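In the two complexes below, chain A is the common chain; its partner is chain B in one and chain C in the other.
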Partner chain A sequence: MRSRIREFDSSTLNESVQNTIMRDLKAVGKKFMHVLYPRKSNTLLRDWDLWGPLILCVTLALMLQRGSVDSEKDGGPQFAEVFVIVWFGAVTITLNSKLLGGNISFFQSLCVLGYCILPLTVAMLVCRLVLLAEPGPINFMVRLFVVIVMFAWSIIASTAFLADSQPPNRKALAVYPVFLFYFVISWMILTFTP
Partner chain B sequence: MAAVDDLRFEEFGDAAASLAANSDTTTISIEDPGDTPKHQPGPPGGSGREEDDELLGNDDSDKTELLAGQKKSSPFWTFEYYQTFFDVDTYQVFDRIKGSLLPVPGKNFVRLYVRSNPDLYGPFWICATLVFAIAISGNLSNFLIHLGEKTYHYVPEFRKVSIAATVVYAYAWLVPLALWGFLMWRNSKVMNIVSYSFLEIVCVYGYSLFIYIPTAILWIIPQKAVRWILVMIALGVSGSVLAMTFWPAVREDNRRIALATIVTIVLLHMLLSVGCLAYFFDAPEMDHLPTPTAAPNQTVAAAKLS
Partner chain C sequence: MEQKGPALQEPLSSQGGGSAVIDMENMDDTSGSSFEDMGELHQRLREEEVDADAAAAEEEDGEFLGMKGFKGQLSRQVADQMWQAGKRQASRAFSLYANIDILRPYFDVEPAQVRSRLLESMIPIKMVNFPQKIAGELYGPLMLVFTLVAILLHGMKTSDTIIREGTLMGTAIGTCFGYWLGVSSFIYFLAYLCNAQITMLQMLALLGYGLFGHCIVLFITYNIHLHALFYLFWLLLGGLSTLRMVAVLVSRTVGPTQRLLLCGTLAALHMLFLLYLHFAYHKVVEGILDTLEGPNIPPMQRVPRDIPAALPAARLPATVLNATAKAVAVTLQSH
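== the complex of A and B ==
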């Protein structure tokens, strides 16, 4: 019995690297699916991980960089600024919801907030593709529409996961900072000009 | 019978045994406060006598007062200490915001809304919203003002977010600190009836900044007159909230010092709003004067006419 347990414990150490990576990638992918089709479920909360948020944040920050060489005229967000806004924003919102009396753990909340950036990352991709076309008001309207839809999707997804953990008379107080957070990220995406 | 055993404080074991043995004994648990008014043993789990006393409204009323006073005395390195500053419900936050928007003469914001329970939620998130409102509106208004010019390349200017954040948070926290220190100093000299704690002052300042959020959004309109009217309205509303809040704290004092304090408060408030307007929002002179880069505009105008 004991040797069997020891076998089980060391099994993840002895497996090949490909197995480890594929298992983590599958977990991340499963959570992406849960964000894209948000239903009330505990998957994001139960096995939280921060790989997904890291991948999304780095992707978003890289896509918000422009290729221009003259960095003086470049007023856009630097990589570090996007990173700081996303992570410190998520930490602040988590602290806020815990201080208001929510019963969600610190990393679970970070996980949910990070994963719900996925729709906005998709919006960033779409905006970059749209910007390859002719600039003009139609271009802008298309981008505006896409960003608004993805912003709404992010809010709905994160509220579906987070709202239940708050006491009922403080739900609005806990949800408003999430709204502000995704609004700022949407603004950064919308005002991106290459 | 089990009732006799129940009256003995130490013997929790007996109560548990009697409960196990006889399911319809009247062992008192917390869910049934009406059963016996006198001293109760704790529930079989033994969760502490103080809880029972407080819940059952025991005749040790001073004990309950001690417990109510103990609400705020967790040591400052625990999380619970900071949770007491966020002990507000949604409707309370809305009420406080409404109170800051509609100053009623004679009604003191602190006494009416905050006295029981100063919170840090409002000040923190109102300042955060204000920072982003100023930065985003400044950006939008500059974009709209320079819309037709060929030489203007739009940049989102995220530097301004950090500057706005520094300014707003410094104002919302350092000015209350200075004011609190000043009031404490005057309190030691002159006996004032009304004295505010530091958190209450932070609360008033935070909520009084709320009016600047719609003001900042409306500053996108590129008309100088409109902007200055907005400044006056916002200053009037929030300045009067601040003045009416702090007047009772200084009116016992020397007349000149009291007036100087109120004037300084309002002046700093005005400095904040005018400074933000001047720094983040470009002046809309282009609407009235012929632009120096006249050639592209003339060609655009000529193209429109033809």
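== the complex of A and C ==
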């Protein structure tokens, strides 16, 4: 028994911090790839983790900050608002899908919903770049197109992972709140002006 | 010897596979992330080792010290039992409050049922002698409230205004949920006073489905900005959904005064809410705009801001014109 403990000690507790971080970053990166090319797979569900959703949520919230100096109420509440909406929205959708009879665990669902925000974060980056150009209707149309495409991508990705966990005749009931959730996030991204 | 596992076994979730306790203790059976697994394993092995050592030490103590060793063993056992009892109680309390199985029957619906209930919510049925049936489910009403929130937010966008979205998002969510829960409670209280046969769940479901008309009206009128059209839809669609709710309540209440009180209150609140959502949000939006643009005007120079910006498409040139006018005023001031 003691030798086994020593073996486990050396594998995770005594490894360098760099190893731990690299291992987790690789896991997060692998899941990002799964979201970008959604196929029906179990990877996101099997090895769930919440690092990816946290990174994405913080990135999105930081980019959505107005940062304007003339109004003292801006800045802080926006970060908190995005954070609260993302996490409470994900919790609500998870509870809803569990109540509808889905056999998915709480954290697995949070993991999937969080990772599927990746396309919308990419849309936010693109919108920020587009906003550096001069404003106008073309600017708006480009941003609208990008956000709509990424919104659809998010929904398709999350459906690919979540749909199997629902009873077959209730998939629509479980997908609808996901649609609303990503719609609200897309709305926040689209209406953002620096 | 009791097995000291890392997590308490959940007796509730082992009965009848569909239990939906939020299993934060057990994480989940299929997998966790690599941290938890390794951590758990490590913890378990260390505990077993500690137990083995402690048992060996106890035996030695007992043999060598006699009475003292026995007392030590007793106190350790008592402490152990207290710890186990406390742990059991805490997990029972947690599973009681985190047990969302209580809500499960209210979400037991099929898409076809939700669709038909949505359509029926716009069709008043004139059967007042026999209590009309109300479907006691919460999925449809909850989704309708969230949809209403989304439509309100969308309405802000199509007004093409630069708003601090934080304030309005919180307001939208607060308004919609506040209306649904608050007015349901109030009408339930009135129904209790008027001896109407309706439960809280039925009231929540009734009012929730009544918001379907609101969603349609607001969705259309936020995209087509015609006040006449809004008034028409307000009367037509708002009126239909109100009539349906009123008919249901009338069928469940006895006595003309009680019926009048209950149904009058509900009709007034429901119709006024739609009016409020349409107009108050425009006013709120214009009010915030005034607050945002106000300080930019220099105090002595009253630059006329009456450049009409009635249509959203015209707002961009209006803003440009406003900025130009202000620039001209500042230039004049500097001379």
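Methods note: the second predicted complex is superposed on the first by the 180 of 194 C-alpha atoms of A that agree within 3 Å, B and C clash if a C-alpha of one lies under 4 Å from a C-alpha of the other, contacts with A are read in each partner's own complex, and residues count from 1 in each chain.
Operating definition for what follows: contacts are C-beta pairs under 8 Å (C-beta built on N, C-alpha and C of every residue); 3 or more make two chains touch, one makes a residue touch a chain.
Only a predicted model underlies this, so the values are computations on that prediction, with no experimental measurement involved.
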Combined model on chain A: chain C and chain B, fit or clash: clash
First (chain B), second (chain C), both or neither touched by A:188: both
Touching partner for A:49 - first (chain B), second (chain C), both, neither: second
Which of chain B and chain C A:81 touches, first, second, both or neither: both
Partner chain(s) touched by A:176 [first = chain B, second = chain C, both, neither]: both
Partner chain in contact with A:96 - chain B first, chain C second, else both or neither: both
Which superposed partner A:105 touches (first chain B, second chain C, both, neither): second
Comparing the two partners chain B and chain C, which touches a greater set of residues in chain A: C
Which of chain B and chain C A:23 touches, first, second, both or neither: second
Region of chain C that runs into chain B when the structures are aligned on their shared chain, from 37-45, 55-63, 73-81 or 217-225: 217-225
Footprint overlap on chain A, comparing chain B with chain C: 73-74, 77-78, 81, 96, 98-101, 169-170, 172-173, 176-177, 180, 183-184, 187-188, 191, 193
Parts of chain B lying in touch with chain A, wherever the complex brings them together: 79, 82-83, 85-91, 93, 121, 124-125, 128-129, 132, 136, 139, 153-159
Contact footprint of chain A on chain C as seen in their complex: 18, 20, 22-24, 27-28, 30-34, 38, 41-42, 45-46, 48-49, 52, 100, 103-104, 106-111, 114, 139, 142-143, 146-147, 149-150, 153-154, 156-157, 162-167, 169-170, 292, 316
Chain C-facing residues of chain A, complex: 1-2, 4-5, 8-9, 11-13, 23, 27, 45-49, 66, 71, 73-74, 77-78, 81, 85, 95-96, 98-101, 105-108, 135-137, 169-170, 172-173, 176-177, 180, 183-184, 187-188, 190-191, 193
Residue numbers on chain A that touch chain B, as the complex places them: 73-78, 81, 96, 98-101, 169-173, 176-177, 180, 183-184, 187-188, 191-193
